[in-house]
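What follows are several structures.
Both of the next two complexes hold chain A, though its partner changes from chain B to chain C.
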Partner chain A sequence: MAGTVEKVRFGFSVNKDRQIDYDANLKDIADIVLKAEPTINLCISCGTCASTCTAGQFTDFSLRKMILLVRRGETKGLENEISKCMLCGKCQLACPRGVSTRNLILQIHKALKTGAL
Partner chain B sequence: MTFNIFVIPFFGGLLFLLAVLFVRFTAWLATLDKSGRKKLGHGLLNGQVFPATWEVFMESLLHRRMFRQNKLLGYMHMSFAFGWLLLIVLGNLESRIYSGGHINPPYYPIFLKFFVHDKRTLPFELYTLPGFFRFIMDFVLLFILSGLVLALIKRARSKWFGMKRTTQHSKFDKWAITSLWFIFPLRLLAESFTAGVYQGGGFLTNTLGTFFAAFLPVEYLYYPAWWAYSTALGVFFVTLPWSRYMHIPTEVLLIYLRHFGIKTGKKPDSFSEIEIYSCPRCGVCIDVCQMNDAHRTNSTPAYFLRSLRYGTPDNDQNANCMLCGRCHEVCPVQIDTLAIRVAARYDDNKLLAPSFKYLDRFEPADSAADVLYFAGCMGHLTPAVKKAMLKILAASGEKFSFMDEDGSVCCGRPLLLAGLHEAAAELIQKNTHLIINSGAKTFVTSCPICYKVFNEEYKLPGVEVLHHSQYLLRLVESGKIKVNSTGITAVYHDPCELGRGSKIYDEPRTLLGQLVTLNKAEQERENSLCCGGSVGDLSMNHSERTVIRDEALKVLLASQPDILVTACPLCKKTFDNGTEAVVMDIAEVVSERLQPVTKKELVTAELAG
Partner chain C sequence: MSRKIAVIGGGAAGLEASSALASLGFRVVLVEKEDETGGHIKNWHALFPNRRPGTEVLQALRSKLSKEVELFSGKTVTEIKQVQGRFEVGSADGWKAEADAVLLTTGFSLFNASKKEEYGYGIYDNVITSADLESAFSAGKITMKNGEQPKRIGFVHCVGSRDEKAGNIYCSKVCCVTAVKQAIEVKQFLPECEVFCFYMDMRMFGRHYEELYKEAQEKYYIQFIRGRLSESTEDHTGKIILKVEDTLLGKPLKIGVDMLVLMVGMESPDITRKLGSELGLLNDSDRFLVSADQHISANVSEIPGLFFAGTCTGPKNIADTLADARSAALAIAGYFENNSNRS
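The block that comes next holds the complex of A and B.
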C-alpha cells in the first residue's frame, strides 16, 4: 500500500505537525535578555537586520529569527547559531526601530552561556 | 633635643605608607607578565632611565601637561608637587648643615623649627648667606599656600581653571584631601607661633609670629600646633594608599615602565592596574567626554577607572564608551583609558566564543590586480561611497580588484573592541589569507575602523595599507586623476579612528584643499568630536546616540558650510540621519570633481613614475 501512495504526486507535501508549546519552553533566557537589553522590545521583526547582515552573506544567520526564538523560549541549538555573528554593527545602523542589536547579541550569547538554569 | 612625642603621628604614618608602597610595588612588579619583565630588565640597562627621569620631573613635579590644559590649573598642581619637594629637599639640606653633616631621623628636618628655635645662631648662616634658609623656606611655604588658595577657589569657580565639572570624591579622598589642605596652614601656624615666642623665623613666619604674639598666648599655642601639623601629615600618609593621592607614587613607576615599552595588554594585568592607580581623578577627562551629552557621566574615564580601582566593576561602565579617544588626548598622566576599557570588556565577555568556521568554504575567484579595494561592512551600508571609489579607480587606470564585492568578511575590529580577541583573530587570519593570495601591493579601504586594524593588527608583508583619503591624495598628486576646485565651502570632520586613532589629519585636508574651501570647526583634529555612531560602544541606546550626534553636528555646522565632509562611512551615515545639510564622504567629493585626464598627461605621469 505504502508504495502506491508514494507514486501519487499531489504537488505538495505535508510537514510534520509543529506546535509551539509555550508552557514547556523555558523563558529564562528571554527574561534575562529583556532585562539586559530592553530595546529588544522595539523589534517589529521587519528583517532589515537579517538582510543587511555580514554573516548572513555566508550563512543563514538571522537576527530576526534569533529574537523570535529567544522570545518563544526555543533556545536549543541557538548558541551555535549566535556565535556566527561578527559584531560588525551593520544591523544596528540599518534597524528602523533603533534596537541596540550588537549589545543584544552579546547579551543573548551571554545568557545562553550562563543563564540557563 | 632631637625627639618629642608629637612626631609620632607623622613618623608612624610615614612608616606605614612606606610599608604599604613597598608591598604594592613589589606585588605589581612581581606579577608583570614575561614580556613585561624582559622589557623592565632591558629598559633599566638601556639608558631609558634618563628620559624617564626627565619626564617624571616635567610631569609629576612641574605638571607640564596640566599647564597646557590651563595655566592656573598647572600652577596649582605644580605648587603642591614641586613646592612640597623643595620643602623636603631644602629642609633636609638645612638640618644636615646645621647638625654638621649628621644623618638625622626623618622627622627632624620636618619639624626643625621646633627643635632649633633660634636659627639666627645657625653658624653657617653667619658665615655664608645670612638668612638664606629662613628666607627660602618661608618662600617655598608661601608658594605652596598660594596653590592651596587656588585649590579653594577652584571649588567654587572651577571655570576659571578651564573645568566645567570637578570630580566627586570617594570616602578616602575626602579624608585625604581634608588632611592635605590642613598640612600647610598648620605648618605655617606652628612655625609662626614658635617664631612668636622665640623669634628666628623668616619674612613670613616671623611677621605672623609677632602679629599673633600681640594678642594670643603663643607660648601655650605653639606646642599644640606642632601636634596638629604632625597629625595632619600622619592622617594624609595613612589614607594616601586608598585615596586618589596614590597616583603620586604610582605615576612615577608608570612613567618608568612606559618608557621601558610596557603597555596595557588585551587582558587586565598588573600594568593596567598601575595605570588605574595612577589616575589622580583630576577631572580633565570628564569635561571632554561626550558621555555628558547623553547624561552618562558615570561612564567617563575618571569614574570608570575609580570603579575598577575600588573593585566595584560595573558592566555598563565597561560597555558604555565610544572609545573615541578624546580623554586620552587630554589626560595629564596619559593613561591608556581605551586599552583599559577594552581589557575590562575582555573580562566581561570572556565566556563568549564566536566562531567563524563557515568562512572556510569562502574562497573568491583569483584576480590579478595591483590595488585591492575593500569597502568594509560600513562601506557597503553607504553605497554612494563605494560607487564613488569604483568610479575613481576606473578613471585612474590602476589595475584594481574589489575585494569584498560580494560581501566582506568583517575586519575584526568590532570584535576586538568588545574584548573578543580570539574571535577577532579568526577573522584576521581569514582576511590576511585573502589579501596575500590576491597578490596586490596596495590595499585601500574606505573605512577608518577597518584601516586601523589592518594597519596595526594584520601582518601583511609587502602590502601597503592605505585609507582611501591617503590613496586619493596620492592619485591626485601623481597625476593619475585630475580634479578641479569649486567655490563651495566645506567643514571636514575627523573620524575618531582615522584622526586620533591613526593620526591621519593632514592628507584629507590637503586633498580637500584642492576641491573646496575648507572652513575650520571649533573642535577639530585631536579635539574632534565623535559622531555618536561608534562601534566601540556596546551600551548606549539609539536616542542617547542621537543626542551625541546632534551636539557634534552643532559644532561642525556652526560656520554654515555648504557641505559637511567626512572620511568614514559610519560617520557619514550617522550624520546624514541627523541633518538637512549635505553630508558627503571625501571620495564622493573627489568623484564629483573628477576631470578627464588626457593621454598626454597620463604618459607624462607614467614617465615621472
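The block that comes next holds the complex of A and C.
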C-alpha cells in the first residue's frame, strides 16, 4: 500500500557495549564510600574475602569484585548485590590488608539510601 | 708488582668492584665510555624504596675509589684480546691497556619504547618513559607538552618486558617498584593529580617494596588496575585514551589520561654482545651473558681470567648489583690464589 512500510524482522538486535567507560561513569558512590572507609584503598584483590564468604557459597556475591565495580563507577544493580551480604564479618577476619569490609557494606548501604544515585 | 685488573664499565658495578679490588691489593684500570662514571644512576633523580637522591649513592661509590684505581673515561672498549695468558683491552680511538684479568661490568640499556608503536611513544605528545619522568623530577617540572599540569597520569608496567613480541620474555624486576616510587613522587609533586598503574603482576620482591606499594595505596590513593595496555590513541583534545582489560572484573575498560608513562625494561646492551661474541662468550636466550654456573659461580665466565658483575648477567637492582660486584672481586682474588698455588 502506498504510504505504509512493512516491518521487516531480520533477527538482529543491538547489544549494549560491555566496556567500562571510566570517564563517562559517575564515581559518586566510590567518592562517598572511600572517604567514609579509607581502608578500601588497601585492597589488593586477592580474593580471600570472596572465598571465605558465606553468601558467596550460595550466590555469585564477591566483595572483591564489588569493590572494583564501585571504584569504576559500575554501580548498576549494586543495591541488589549488597543485599546478599549477611554482615557475618568473616571476610574482615580473613583480609590480609586490614580492609574494614563490614563497614564498607554499611557505607555502601548508606550512600545508596542518601540518594547518591 | 701486583696484578692488574681491567674493569669495563664505570656504572654501579664497575665502581664498586674497582674499589673492592683495590682494597684486596690489585691495581685497577677502570674504563668508562661516557665522560663521567655512574652509569644509569646519574640520570636517576631518586632511588627506590626510600626515594633517596641517586647522587647520594653515586658520591659514596665514587669516593671509595683509591689511587690504585686508574680511571679512563670517554673510552668505549671495542676490543678485548687474549695475548699469552694476559688480556689486552683497546678502545676505538687507539687507547690500549694490558691486564691480568678482565671484569665486564657493561650493565644494561633501556628498552626502546618506540618499538611498542601501539603505545604511542614518539607519536603522541604526552607519552613518556620512566627515564623521561626521572629527568622531569630532576628538572622539578612535570608538565604536558602544552605546558599545563596533568590531571591524570597512567603508568604502564612491563614495557618491553615479559613480551615475546618485543623479543624479551623475561621480567626486568625493577620496573614494578619503580612505577610505585614514581607514582608516589607524582602525587607529592601534584597532589591533585589522579594516578593509575596498569600491571600484569605486582612483583614487589625486595625488602620494603611491599610496604611502598601499601603506602602508595594508603597515603597517596594510587589506583592499581590489573590489565595490560593493548593500545593507546590520542583524541582531538590531546587526551590519551587507553584500552585495557580490567582482568579482575573480566571486562574491557576505556580510560582517558593526560600523560602516559611507560616503564621501560632492561636489555643486554649491543656492546656486551659484540665484545662477548668476539671473545666466544655465550649469550642466553635473553641475550644477557651466561655465567659458568648461575648459582655457584655467577661472576665466572667460560674464559679463565674473565669475570662478570652487575646487570650484564641479567636485571638487578642497585643493592644486588653492588653485592654482585664485591662478590666478583672475591672471585678474582680466588682465581689468582688458586693459580699461584698451582704454579
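As a convention for this text, the second predicted complex is superposed on the first by the 98 of 117 C-alpha atoms of A that agree within 3 Å, B and C clash if a C-alpha of one lies under 4 Å from a C-alpha of the other, contacts with A are read in each partner's own complex, and residues count from 1 in each chain.
Everything that follows uses one rule, which is that a residue touches a chain if its C-beta (ideal position, glycine included) is under 8 Å from a C-beta of that chain, and two chains touch if they have at least 3 such contacts.
None of these values were measured; they are calculated from a predicted model.
After the match on chain A, would you call chain B and chain C a fit or a clash?
fit
Applying the touch criterion given at the start, work out whether A:87 contacts chain B, chain C, both or neither, answering first, second, both or neither.
first
Who does A:19 touch here: chain B (first), chain C (second), both, or neither?
second
In the overlay, answer first, second, both or neither for which of chain B and chain C A:106 touches.
Touch partner of A:106: chain B, not chain C.
Going by the contact rule set out at the top, does A:69 touch chain B (first), chain C (second), both, or neither?
Only chain C is touched by A:69; chain B is not.
If we overlay the two complexes on their shared chain A, which of chain B and chain C does A:51 touch? Say first, second, both or neither.
Once the two structures are laid over each other on A, A:51 reaches no partner at all.
On chain A, which partner touches more residues: chain B or chain C?
B
Nearest approach of chain B to chain C by C-alpha atoms in the superposition, in Å, rounded to an integer.
Chain B and chain C, overlaid via chain A, are at closest 13 Å apart by C-alpha.
Across the complex, what residues on chain A touch chain C?
Checking each residue of chain A against chain C gives 18-23, 34, 38, 41-45, 64-65, 68-69, 71-72, 74, 97.
Show me the residue ranges of chain C that touch chain A in the complex, using the header's touch definition.
Of all residues in chain C, those touching chain A are 202, 214, 217-218, 221, 223-224, 226, 246, 248-249, 251-256.
Which of the residues in chain A come into contact with chain B in the complex?
39, 52, 54-55, 57-59, 83-90, 93-94, 98-100, 102-103, 106, 109-110, 113-114
In the complex formed with chain A, which residues of chain B make contact?
Per the touch definition, chain B meets chain A at residues 319, 349, 351-356, 358-359, 361-362, 377-378, 380-381, 406-410, 412, 414-415, 418, 420, 427, 533, 535, 538-543, 570, 573-574.
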